[in-house]
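These notes concern the structure reproduced below.
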Amino acid sequence: MKPFETAPPLEISEWINTHGPLSLSAMRGRVVMLHAFQMLCPGCVAHGLPQASKVREMFAEDDVAVIGLHTVFEHHDVMGANALKAFIHEYRLRFPVGIDKLVSGHIPLTMQAYALQGTPSLVLIDRLGRVRLNHFGRIEDMALGALIGQLSGESSMGDVATQVVNATGVCVTMNLLPD
Amino acid sequence: MKPFETAPPLEISEWINTHGPLSLSAMRGRVVMLHAFQMLCPGCVAHGLPQASKVREMFAEDDVAVIGLHTVFEHHDVMGANALKAFIHEYRLRFPVGIDKLVSGHIPLTMQAYALQGTPSLVLIDRLGRVRLNHFGRIEDMALGALIGQLSGESSMGDVATQVVNATGVCVTMNLLPD
Amino acid sequence: MKPFETAPPLEISEWINTHGPLSLSAMRGRVVMLHAFQMLCPGCVAHGLPQASKVREMFAEDDVAVIGLHTVFEHHDVMGANALKAFIHEYRLRFPVGIDKLVSGHIPLTMQAYALQGTPSLVLIDRLGRVRLNHFGRIEDMALGALIGQLSGESSMGDVATQVVNATGVCVTMNLLPD
Amino acid sequence: MKPFETAPPLEISEWINTHGPLSLSAMRGRVVMLHAFQMLCPGCVAHGLPQASKVREMFAEDDVAVIGLHTVFEHHDVMGANALKAFIHEYRLRFPVGIDKLVSGHIPLTMQAYALQGTPSLVLIDRLGRVRLNHFGRIEDMALGALIGQLSGESSMGDVATQVVNATGVCVTMNLLPD
C-alpha cells in the first residue's frame, strides 16, 4: 500500500490485553504504531516486541497508541490463541494484541490489506489516519524515535502542534517546556 | 539556563574536524546538537560519543548539525589539544569538535554559559537558535531520536515544516514521502 | 541431587536433531552439558539457548556434548512436540534436543530425577559420568567456559584435579564442592 | 615467541595499583593473565579492559593473577604515566598495571620480548611459568574462560593435561599447540 493512504481497518478474530475491540477510526487524532509479529519469529522476540514495549513506555498512551498484530502465516497449528496467550503472559507484554483474522489460505486479512511482507513489520499511522511508514524488518530505536517524534509533532488539524511535550520520554519532558 | 532561551555563543580555543571556526548564528535554520564530553570520561566514550556519531549518520547534515564540545573540567594536564587529537584519530570521530575555552579556574567558558553539570551532556538547539534540551547523563536512542525528530519537524519560520523526510534514517525515508 | 553423584539416565519421550536415542552411558568419556529449557521461557530464549549454541560451536563435539532438554512444567497444551519442532526450526537450533517424559502431574521425569528448580537450568557431567554442576538461572559465558575448560582438562581415568573450585564464579562455587 | 616457552620477565618502568614491583618468577604456581593495552586503543577500552576486570572478579586472586601491561607504541607524548593514572582512576581499574619500559625507538621492551603484534593482546602463563597463549585481538569470554579453567585445573607439579586443545575456540587453538 502507498504512504499517505488511509490505513485499512484492522480485521481481528480476538483481542488480548484490552477491555474490548479496538478500531483505528476510534483512534483518529493519535499516532498509532502497529507491530506485526509472530510468537515463533526470532527477530520479533529478540528485537521487535521489546522495542514495541519501549515505545509504549516512552510515549504517552493518549498520544501514541501501540498495537500488536499477530499475523500468523506459517506454523498455524502451534500459534493459535491459547499458545499466544501463554506467550504474552510469559513475556509480560502489556499493550493490546489483536489476532489477525484468517479466512482461508495462509495469509490473514489485515496482513493482506497492508501488504505486509513478513514479520517483524512496523506500520506508523498519523493523527489523520494515514499510513506514513510500512517497514519490514528491523528498524533502529533512534530512527523509530525520530519518526514517531515527527508524527507526534503534527497536529490532527493537518498542521503542526505547538506542544512538543507528549512524544518525549519522561526524563527529558520538562526541559522542553517553555519557562 | 532556561529552555527556549537563545543559545549562548560557543567559546572555542581550537576547532578540530572543520575547515574553520563554526558559529551557532551561522547555523540558524538547522537543528543543532551539542555533545559535551571529556576524552577520559567513561560514559562519554562508551555511550555519548557513539550516539553522537549515530545521530551524524542518521540525520541529514544540512538539517541537523552535530558538534562535539570538549569541556575539560578535570585532569587538564592530560586532556590537552594533542591528546584530544590522538583520541579523535583513534576513535575515528567524524563530526566537528571544539575545545571549550579555559580562561581561569577549572570550568571552561561554554560549559559555564550553558551551566552544564558534567559530562556527558547534551544540548539541543532548535531552528530558531533556542535551547530546547539541556540534559546531563545518558539519554536513550529512542528518546533522543524523538526529540530531534520533533525539532526537525518544526520550520524555521516559527511554525512547522510540511516535509518530514530530512530527519529520518535513509532506510525509511522513502516510506514517508507522499506518493 | 548431590555433586559428584552419578548422573541419572535421561527419560525422553522423543528426540529431535538426532539419528536415534542418546544415552548418557554411551557418552561416558566426554564432558556433557545438559541445557534444560522451555520454548516459552524468555530467559531460555534470550540467554540459555544462544549460550548452548555457542558452547556447541566453541568446543569439539567428540569432547563436549551439548544436549537440550525440553522440561515442560507449565502451559503443557501449547508446548507439545509439534510446537517445539517449529520452534527449533525457526531458531535454527543444531544440537540434539530430548523431550523430557511426562507420566503424570506437571513435572517430567528427568526434571524430577535431577531435582531441577526451573528453566533455564544447566547440568555439567564429567568424563566419569558424574554431575559436577547443577545450576538454575543464568550463568556468565566466562564462568561456564571456565567450568567446561576444567572438566575438559580432566582425564577419563579418574585423576580429577582437586582444585575445581577456584576458577569458578561465586554463584556456582558451592555446586562444585563434593558433598 | 613459542607456546610452552618460559615467559620472559616483565620490563616495567613504573607500577600502578601495587605496593611494589611484581615479578613473574614470584608468581610461579599461579596462572597469570597479562593484558597488553593502550589507553587510547578503542578495542582495549571497549572490550579488553572490561574483560580483564571480569577475570579479576571471577577467579580467585591467589589462583589467577591479572596484570595490565601498558605497551605504548604510538602517541607516546599523550600516553605518559600521568595520563595513564588519570585513565586508570576514571575507569576504576583495580588490578596492577605496569608501564612497559621504553628505551629507544617506538616499541617498549616487554612488548618486544613477547613479540606482541599490537593491542589488545592477551598472554596466559601457566603455573610452571610457561606461555600457553599469546593472542592478538579480541577473544570471547567463553573461550577465555575455558583456557583459564584448563590452566587452573593443572597442578604446579607439571602433570599437565595433554589435551589442552579441544576445549578452545578455533581462533586460539593453534596458539596452544606445543611447537
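We just call them A, B, C and D in the order they show up, numbering each chain from 1.
Please note the rule applied: a residue touches a chain if its C-beta (ideal position, glycine included) is under 8 Å from a C-beta of that chain, and two chains touch if they have at least 3 such contacts.
Note that this is a predicted model, so its numbers are computed, not measured.
Chain centres computed from CA atoms place C at the largest separation from chain B.
If you average the Cα atoms of chain A and of chain C, the two centres end up 38 Å apart. The mean-CA centres of chain A and chain B are about 31 angstrom from one another, to the nearest whole unit. The touch graph of the protein chains shown is a ring with every node of degree two. The set of touching chain pairs reads A-B, A-C, B-D, C-D, using the touch definition from the header. Those residues of chain A lying in contact with chain B across their complex are 2-5, 54-55, 58-59, 132-135, 139-154, 159-161, 164, 167-169, 171-172, 175-179.
Chain contact summary for the complex, chain B toward chain D: residues 40-42, 45-46, 75, 77-80, 82-83, 86-87, 90-91.
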